[in-house]
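After this come two complexes, each holding chain A, first together with chain B and then together with chain C.
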Partner chain A sequence: MKNNLNIVAYCSIKNHVVALNGIPLITKDHDLTFSEFSKEVYKELKMDYSKFFKMDDQCKLAILISEILFNHIKIDSKNKENIAIVLSNRSASLNTDRKYQETISNKENYYPSPAVFVYTLPNITIGEICIKHKIKGENVFFVSEAFNATLLKQYASCLFQNKKSKQILCGWIDFDDDQYQAFLYLVSEHGNRKFNQKSIKKIYNENIWMH
Partner chain B sequence: MKPVFITANNIISPLGFTSEDNIIQIEKDKSGIVLQDNIGALPCYASIINDELLNSAFKQIGSPESYTKLEKMMMLSLQDTIMKTDFSISDRTALVIATTKGNIDVLNTKTSNFSPDRAYISILGEKIRNFFGFDNEPIIISNACVSGILSVAVAKRLIQNNFYDNAFIVAGDIVSEFTLSGFQSFQAISEKPCKPYSKHRNGITIGEAAAAVAITNQNNSKHSIQIIGDGSHNDANHISGPSRDGEGLFLSIQSAMEEAEIAPSNIDYISAHGTATLYNDEMETIAFNRAKLENVPLNSLKGYYGHTLGASGLLESIIGLHSMKNNMLYTSLGMDELGVSMPLNVIQKKKKAEIKVCLKTASGFGGSNTAVLFKKLTLEK
Partner chain C sequence: MDALKQELKKNIIEQLNLEDFTVEDILDDDPLFGDGLGLDSIDALELIVLLDKDYGIKLTDPIEGKIVFKSIEVLANYITENRTK
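After this line comes the complex of A and B, so read on.
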């Protein structure tokens, strides 16, 4: 079965560097904590979105990377509404799960918070992107031991072939024990980069491991 | 596109360890929900699998000490399904796993005998893969409370597009202090067993279960169920609150119906989500009315099982399949007086009816919604 999907653009955030289509866009001091780093990127992007500061770190990462990608790709609101989102990671929401567990571990100091609990789901990252960009398309969150280019490619093809979506936002957004990696790419018929397992794996490796 | 069928299935729940045993209890309007006094700070209602029964069943296939409760539930469910399937595992077989929280109980190091790393869902996936010897890396879906039903759509789409010939799906979640305290912090837990769509509903009851199905592009049985359409759309509205206009659920249903090329009048039964929170049931009612499905007989099975999170969508689909085979509309347990703002045809008492097409829906945190349509085929001899 043939399809004509191509990569429109891709973005990565890792080791205090934000890169767009493989070119560093924002580079920050390595001594910054993620909280400081994310705030600086937020400022640099001139965002005005107070909800950002209520989010857990994984959602902050998702919001920043999707903002950069959508600043770069101009899509009208009608087409944007139908974008499908296919995200993945290794740790699901464990970074926040551990924080929530601490709030219920001690019976003398028991303070479960709905504001923390709601972030104990990996697909909240998709939900936050959808709210920010008014996207109502197809959603799925996959968990895998490592970035699975094959699965993301196959599933994006399924969504396109089954006429569920013409544009699919795919990627890997992981925040675990203060280590973070984000890699996001949009595929559609209109991109100019080849879309197959090899090409995705290649740009993922270049962006996640090289800087 | 190739037709895709759903065949063998299993449910592991307090109502029984096979789908058939579960159906026997549902026919008697029997619920697995009982008052529990050892999960959270205070006694509460929940539907929980007895550890001794689980371990004694698991002994037939493995060592109960080596696996967590969730792993045992999911492995038993998959084992029964594999035994009842007419194809064998090959490199063209996908293993699809759905869970909302996985082994979340291992994070409590005071009560768990397992390493906290067992909470990585990919480790759960590897345990299941290795136990049964699957060739392929598992495809794991963790998409809040739609995980179970979304896994059916994912498997069907991958098979339709020829990436696999068949798949085994297993979905599961446990009751833990983690999830219970979280829902309590939202004030979402009902004091009494949950009452979906009732005027007297005031929240969810939690439950645990595992469910498994086989999905294939081969249709070998006389009576088979085809998966004819699906959709999974986001509300783009709120991360925890249900949408006011039911947008994502409405879009999911429309997408499934367009693919299946059917009209609202072709749907004979809806297995809805019905968590029994005020806002969820209201949201669903609005979406079903927008989709012109308000007259279609509908039930929520949460009154039997509680809300089994990532397992619920698959478990409830299986009951839906048996409803179709038996031509029975089962009671929406807990329903007395309709308590939503628009019409809805909630099944008050079980009854016989010809069911050819069933719609299964679910909605969850993160604004997620999924709808899947199943159709019963009866082949000419």
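After this line comes the complex of A and C, so read on.
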């Protein structure tokens, strides 16, 4: 499937390091829990979004990485509104599913938490990015064993060719048991890095394994 | 009553993850929803769970909820009159 798409910019978060276009941007102490780490990155980004603290960890990860990417790429509100989002991960929403299960596992202490329950679907991660950045484009969340560059490339190309969107935010946002891995890239006709499986795999591997 | 109000403020901050607030920031007659603490519909459901879990009060009438969750002052009075634990 031929296209004129390019990778405009990419970002990763893993092992207490935030990197933008392959260059470490924020590095925090490895002893921090994800909760502590995410709070420090939030402060460092000077964000003012109190809803962040109500989110589950996977959504926090998604909000931080998308914030960094959109701080770097300036897109006017009209074009931003039409961005499509194609995300994937391995753990779906399992980490939060377990937390919710804890609230309903004891018949004598049965208090299902609505605030936890609302995060028991992986595509809520996309929803939180859309709310924060006022994005209304097409979206899909794939769950697969490992990062699948081919699938993401084909789906994004399809959206572009069918004129569903001119800009597509793609990536991998995975959180389970305080282990996290996020990799996000924006695709459009602009940018100078070719959008094909080889280049996606290359920047994914460089970013995810460099820390 | 004052101890209950303090307890409520502390629990609400913890349960609803209100990172930007401290107990001292919340006045007894501040509106919990809207311009006050800015709570949303999911927070309202969490407050219903909190009433049940901590004070044994089952709130089932949405209209009653609107009145009860007006402020810490109103909520504390309601709990004092209706608590079963």
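Basically, the second predicted complex is superposed on the first by the 210 of 211 C-alpha atoms of A that agree within 3 Å, B and C clash if a C-alpha of one lies under 4 Å from a C-alpha of the other, contacts with A are read in each partner's own complex, and residues count from 1 in each chain.
Quick note on the criterion: contacts are C-beta pairs under 8 Å (C-beta built on N, C-alpha and C of every residue); 3 or more make two chains touch, one makes a residue touch a chain.
Note that the coordinates shown come from a computational prediction; the quantities given were computed from them, not determined experimentally.
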Q.
In the overlaid three-chain picture, which partner chain does A:N162 touch, first (chain B) or second (chain C), both, or neither?
A. first
Q | More chain A residues in contact - chain B or chain C | A | B
Q.
Output check: A:I131 vs chain B and chain C. Expected answer is one of first, second, both, neither. What do you get?
A. first
Q: Check the residue A:P114 against both partner chains and state whether it touches chain B (first), chain C (second), both, or neither.
A: both
(Q) Applying the document's definition of touch, where does A:S50 land relative to chain B and chain C: first, second, both, or neither? (A) second
Q. A:I23 contacts which: chain B (first), chain C (second), both, neither?
A. neither
Q. Which holds for A:R98: it touches chain B only (first), chain C only (second), both, or neither?
A. first
Q: Go through the superposed model and pick first if A:Q154 touches only chain B, second if only chain C, both, or neither.
A: first
Q: Tell me which partner A:R90 touches in the superposition: chain B (first), chain C (second), both or neither.
A: first
Q: Examine A:S144 and indicate which partner it touches, taking first as chain B and second as chain C; both and neither are also allowed.
A: first
**Q.** Intersection of chain A interface sets (partners chain B, chain C)
**A.** 112-114, 118
**Q.** Of all residues in chain A, those that touch chain C in their complex
**A.** 50, 53-54, 111-115, 118
Q: In the complex, go through chain B and note every residue touching chain A.
A: 1, 41, 100-102, 104, 107-108, 110, 119-122, 125-126, 137, 139-144, 150, 154, 157-158, 160-163, 177-178, 181-182, 184-186, 231-240, 247-248, 251, 255, 259, 364-368
Q) Along chain A, where are the residues that touch chain B in the complex? A) 1, 81, 85, 90-92, 94, 97-98, 100-101, 104-105, 107, 110, 112-114, 117-118, 120-124, 126-128, 130-131, 133-145, 148, 151, 154-155, 157-159, 161-164
Q.
So in the complex, the part of chain C that touches chain A is made up of which residues?
A. 16-20, 38, 42-43, 45-46, 49, 52-53
